[in-house]
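Each of the two complexes below includes chain A, the first together with chain B, the second together with chain C.
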Partner chain A sequence: MSDNGSGKPKFAMYWAASCGGCEIAVLNIGEKILDVDAAFDVVFWPVAMDAKYHDVEAMPDKSITLTLFNGSIRNQENEHLAKLLRQKSAILVAFGSCATEGCIPGMANFSSTEEIFTAVYDTISTHNPEGTRPKTEWMTPEGIVLTIPQFYPMIKTLDQVVDVDYFMPGCPPESHQIAAVVDLVIQALAGKATLPPKGSVIGAGGSTVCDECVRARNVKKIDKFVRIHEVAEVDPTLCLLEQGILCNGLATRSGCGALCPGVGAACIGCYGPAADVVDYGARLMTAVASVIDSRDPNEIEAILDGIPDPAGSFYRFNLAHSLLRAGKPAVSGNKP
Partner chain B sequence: MQRITIDPITRLEGHGKIEILLDEVGEVANTYFQIPELRGFERFCVGRPVEEMPVLTNRICGVCPEAHHMAAAKAGDAVYGVEPTSTAKKLRELLYMGFYFTDHTTHFYALGGPDFVMGPDAPVAERNILGVIHKVGLEIGGKVIQARKYGHTVVEMLGGRKVHPCTAIPGGVTKGLTEEERQKIEGMGRWGIEFAQFSLQLFNDLVLGNQGYVDLILGDVYTHRTHYIGLVDEQNRVNFYDGKVSVVDPDGQRLGKYAPAEYTDWIAEHVEPWTYLKFPYLKQVGWKGFVDGNDSGVYMATPLSRLNAADGMATPLAQAEYEKFFTTLGGKPVHQRLATHWARLIELLYAAERLVELATDEEITSPHLHTVPTKTPTEGVGIVEAPRGTLTHHYWTDERGILTKVNLIVGTTNNYAPISMSIKKAAQSLIHEGTVISEGLLNMVEMAFRAYDPCFGCATHSLPGQMPLQVTIRDADGQVVDVLSQYCGNS
Partner chain C sequence: MSEPFEPVIIGFTCNWCSYRAADLAGTARVKYPPNVRLIRLMCSGRLDPTFVLKALSQGADGVMITGCHPGECHYIEQNYKAMRRYLLLRRTLAQMGIEPGRVKLVWASAAEGVKLAKEISTLVEEIRALGPLNWPGRVKMATGGNGTAVSAHISQEVTA
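Right after this comes the complex of A and B.
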């Protein structure tokens, strides 16, 4: 795939601590992938081609035109690659929820390493009478020391370790948005379009999921929250929040086309905070409070108690990046 | 001893790492296959509402999110003691068949199959999907893309998204099927049956027609006499979505079947200090280390295991292939790991046939999608058969359905011990008196890997078959003799 002598712009994609879904989403852009292949030399993409880190190390600084970086920063290697690719790339995109805000695995930041180890290595199905734990260094009976990397106690987002040019939200980003971003970069390189200012969110809309949702909002107020599996029949056309089902659409950035509410499921917020939202949880809280049919603080509190898991609902995808990140008791004395 | 370093990658943390230790005479003393990453879903899912588990745990793996989605939904059903409506169960299974169809197609054509289609001696650069297209013809590429797309379409139609579906909840699903959608799926399924038959014919012509390949499949290097497990229906036929787990010994004798809630009577996990991943084994037989045979609790859970652990397939065309499979390979069970590729194609045919069965079921377009749970939630286990092995989700909740404890045994993890054993065997067959056949070693390890289709996304984060490998070989003094590395699979 790569042809370093062609003078074409260069493309790289890398997964750090990632589930692989972002890579699948790129492969799912279908025929558009041929445009990528035509417009770029693919110089580094571990999923798609044999690749060596030292090949990247040998590249001149800023010589990779576009790098899509997915996954969060979970160990030294992730961090090393983030720094290396930053140095070698002209445009570095934090691609997908893990890289931009930590995603679901970022909820690990609620817990200490020891709590995680106990939950994994002392389960009902684990026979571990000696309480064995993985060791970063261990001497085999053959007398050889084996090493495994240390488990970082905190998940970090890409912009917490390097300077990021653009942020592309979504878990994973939807294929049509990926295709649009690829098109934009190709046009910009041809001088036919201009790239947005550094630091912008790309591949998403400027409003909220609610704005894309086909469900009707009647500014109805609710007097209690219900959970989706407790509802006999979810009205297929009415706003979920107005049916008392907690939906994150109000605080979540548009871009997916409101897919989940479209199939009867609540938005769980995978596109991250809507534009200008500083703290996602706080925004969602305000949004939720606005549909509650009460002015009595005690009653409001009682209604909010109907939300089964406020911490999870408000920081499900963005804990690693949120204001909550610092100073949690569970992780004190446990710095990365 | 001189240190030979071939193409070193200085930092490979977060990926698979293999250490080969040699004794004084330079024979293989031991091998270690290390998984250096952990994420801890078992911990941070605690505190979350159980109905969210299908959308939280699918983030464990972007390659098989559908499997986690279904196992989590079934565990949610069990926690509430609620029986989903018949239509809901069928819709979940229909989505799941679309997923299997795509996943098995991808594996055969892009990852595992090229070794066979191109031949194991073909240059690495040709053993990929492009090589297959060049050899077999361009129209096959179009068919493969079509097959993948059809599977994705079914997943998206029923699950709401192409990756990380969102429609399964305790008691049922949130999205039904219209008649128009149903017709579309039926059409894709019928095409899928033909595609699966075409794929089996291809395997037949290229592989079974070639004695060299047959010998390779039947050879000793890729053979381990282990136990096997797999989900089966009431008539002991392979099922991906529901049933009991059948367990057979290396002689093919059924030791029993367990319901999801009974898994702790059958499966236990062993911890080693040199890796983050655990080693499941059969509890009643016990952990005896990395050895095969009737006395070792090591078992395998793959397409080959499922065929070994069942009495047949539930659809007619797949059943005929099932019979041919065991007749050709000398009866049950088949211990040769490379036969897994053939088993996978038989499952591909089953998935397509089952897809059409479900798409033509008269209940499938019914609006009865959900049973509201009425009991107090407590504890429950959900099991599905993921393409890469039996997937178990076990949840405990408080009376509001908030998780208090989570236990997961994911697909690929089942096969961690057998994969480790295959690596050792490949190393032993290629390293003698300190002489290493570098290229051959990597190829053989790679082929051993691909048969299992390991997806350490479930444990770490690599795509199936794309396991980046680093092999370090040390002599008896611990000195590095050789470092070999490559991404296992470059398609």
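Right after this comes the complex of A and C.
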């Protein structure tokens, strides 16, 4: 623990159900990380330093100035830490797509717990001869009860569990955006800048990825959807959607610099819904369906066959924060 | 169950055709079940799939989308957009395990009050057969009572 009484503001970063990419993105800010060290005492950051949960529990309430919380709420431990860090932090940032909208882990909300456990513990690629499944409680032969955190039927986002001050989208957030946010907080602590209003999306733009994309755009009329490997050659300058490649840029928040379409890969929507979009997938359905160039139901169906996985394409990052939040299997009971 | 299940259906109507068809049905005293709550839009082309998902997520058992017959849109071709969005939405809902039959698209001109009433009656019976969707209750169960409403988590736009 580096709480050496320096009087510096305190910084914490935590990962719940996440991949660790957000932590790498933070380290990717380069020498700016030295500014973080100069401006803050890092009091809790499991991926970077040793710390125990009881150390956090012992901290006074609101004593951590800034907490970046990445990862979604998959189990009881995630929820416990979310609540603990909310209590101990002055500013709690939902950091990255998992914490803000569920992200890839959130797609587990299409499936029931039983389906998830079967995929993990009982498929042909899994060596599990005893058919072991996780149990929240287990008594050892010595009579000691061991516990693991409970697995929840649905992934939740951070703001579905606790009050969140700021939302920083991205999978992961772009390093230059992180650096800008770090700068802003340091400036604000020095009284040289003011923080945005609570509830703001920070470290991102207010428009869409299309707005940042350099590709040429025309009136869209799509008579066939193709996947990128089905195209002999992607036109390097023309809008990908106009080439029939499903691109999520039109509903996705700007801030990444349209990196993916810039190199010929469709936007998959990791920066989450653009400003004022209530349901990301619905906005994409609205936009994509409207530019299909047919008035015949059978022909429209044939064109839609070119999108083999609409739910997965439209809710790849946003399912847990969408209006429905999950598919029917996940919300239909089936306790682990 | 002691009482029969009475489905709640949200119906979106077009100002220029189906809303008037519903009006006509009323004027002509054509009977249809009271399970449908009609909301008037200016055009079926205004029907954002968000509306359907919001209705289902907040407790509707079914949604009916109505518009002018193909080729007769007051705004030339917006009902074709409604048709395409509907077909895409059905596919997405099916993947999410929600019976596509809970959402139905019906064309009804201003003169077709009887047809609209019949379609409503049919849909009510179809959804009665499917049973309650009860999405808010399901989410509440699956989240351990934490049924926090999904909010657009943006109050103001800031570029840091």
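We adopt the following convention: the second predicted complex is superposed on the first by the 296 of 336 C-alpha atoms of A that agree within 3 Å, B and C clash if a C-alpha of one lies under 4 Å from a C-alpha of the other, contacts with A are read in each partner's own complex, and residues count from 1 in each chain.
One rule holds in what follows: a residue touches a chain if its C-beta (ideal position, glycine included) is under 8 Å from a C-beta of that chain, and two chains touch if they have at least 3 such contacts.
On a predicted model such as this, the values are computed, not experimentally measured, just so you know.
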| item | value |
| --- | --- |
| Chain C versus chain B on the shared chain A, clash or fit after superposition | fit |
| Touching partner for A:181 - first (chain B), second (chain C), both, neither | second |
| Partner chain in contact with A:110 - chain B first, chain C second, else both or neither | both |
| Contacts of A:310 with chain B and chain C, given as first, second, both or neither | second |
| Touched partner set for A:167, first chain B, second chain C, both or neither | second |
| Contacts of A:90 with chain B and chain C, given as first, second, both or neither | neither |
| Contacts of A:297 with chain B and chain C, given as first, second, both or neither | second |
| First (chain B), second (chain C), both or neither touched by A:189 | neither |
| First (chain B), second (chain C), both or neither touched by A:20 | first |
| Contacts of A:226 with chain B and chain C, given as first, second, both or neither | neither |
| Minimum C-alpha separation between chain B and chain C after superposing on chain A, in Å | 8 |
| On chain A, positions contacted by chain B and by chain C | 110, 309, 311-312 |
| Chain A partner contacts - residues on chain C that touch it in the complex | 48-50, 52-54, 56-57, 70, 77, 80-81, 83-85, 87-89, 91-92, 95-98, 135, 138-139, 141-144, 146, 148, 150-160 |
| Interface residues, chain A side, partner chain B - complex | 15-25, 28, 30, 46-47, 49-54, 71, 74-78, 80, 103-105, 107-108, 110-111, 115-116, 118-121, 123-128, 132-135, 138, 140, 142-146, 148-149, 151, 171-172, 174-175, 227-232, 234, 259-260, 262-265, 268, 270, 308-309, 311-312, 316 |
| List of chain B residues in touch with chain A within their complex | 7-14, 17, 19, 21, 29-30, 32, 34, 36-44, 46-49, 51-52, 55-56, 59-63, 65, 76, 80, 124, 145, 149, 152, 159-164, 166-167, 169-171, 174-175, 263-264, 267-276, 278, 280, 283, 287, 370, 372-373, 394, 400-402, 405-407, 409, 457, 461-463, 466, 468, 474, 476, 478, 485-487, 490 |
| Residue numbers on chain A that touch chain C, as the complex places them | 100, 110, 152-154, 156, 159-161, 164, 167, 177, 180-181, 184, 196-206, 255, 273, 275-279, 281-283, 285-286, 288-290, 292, 294-295, 297, 300-301, 304, 307, 309-312, 314, 321-333 |
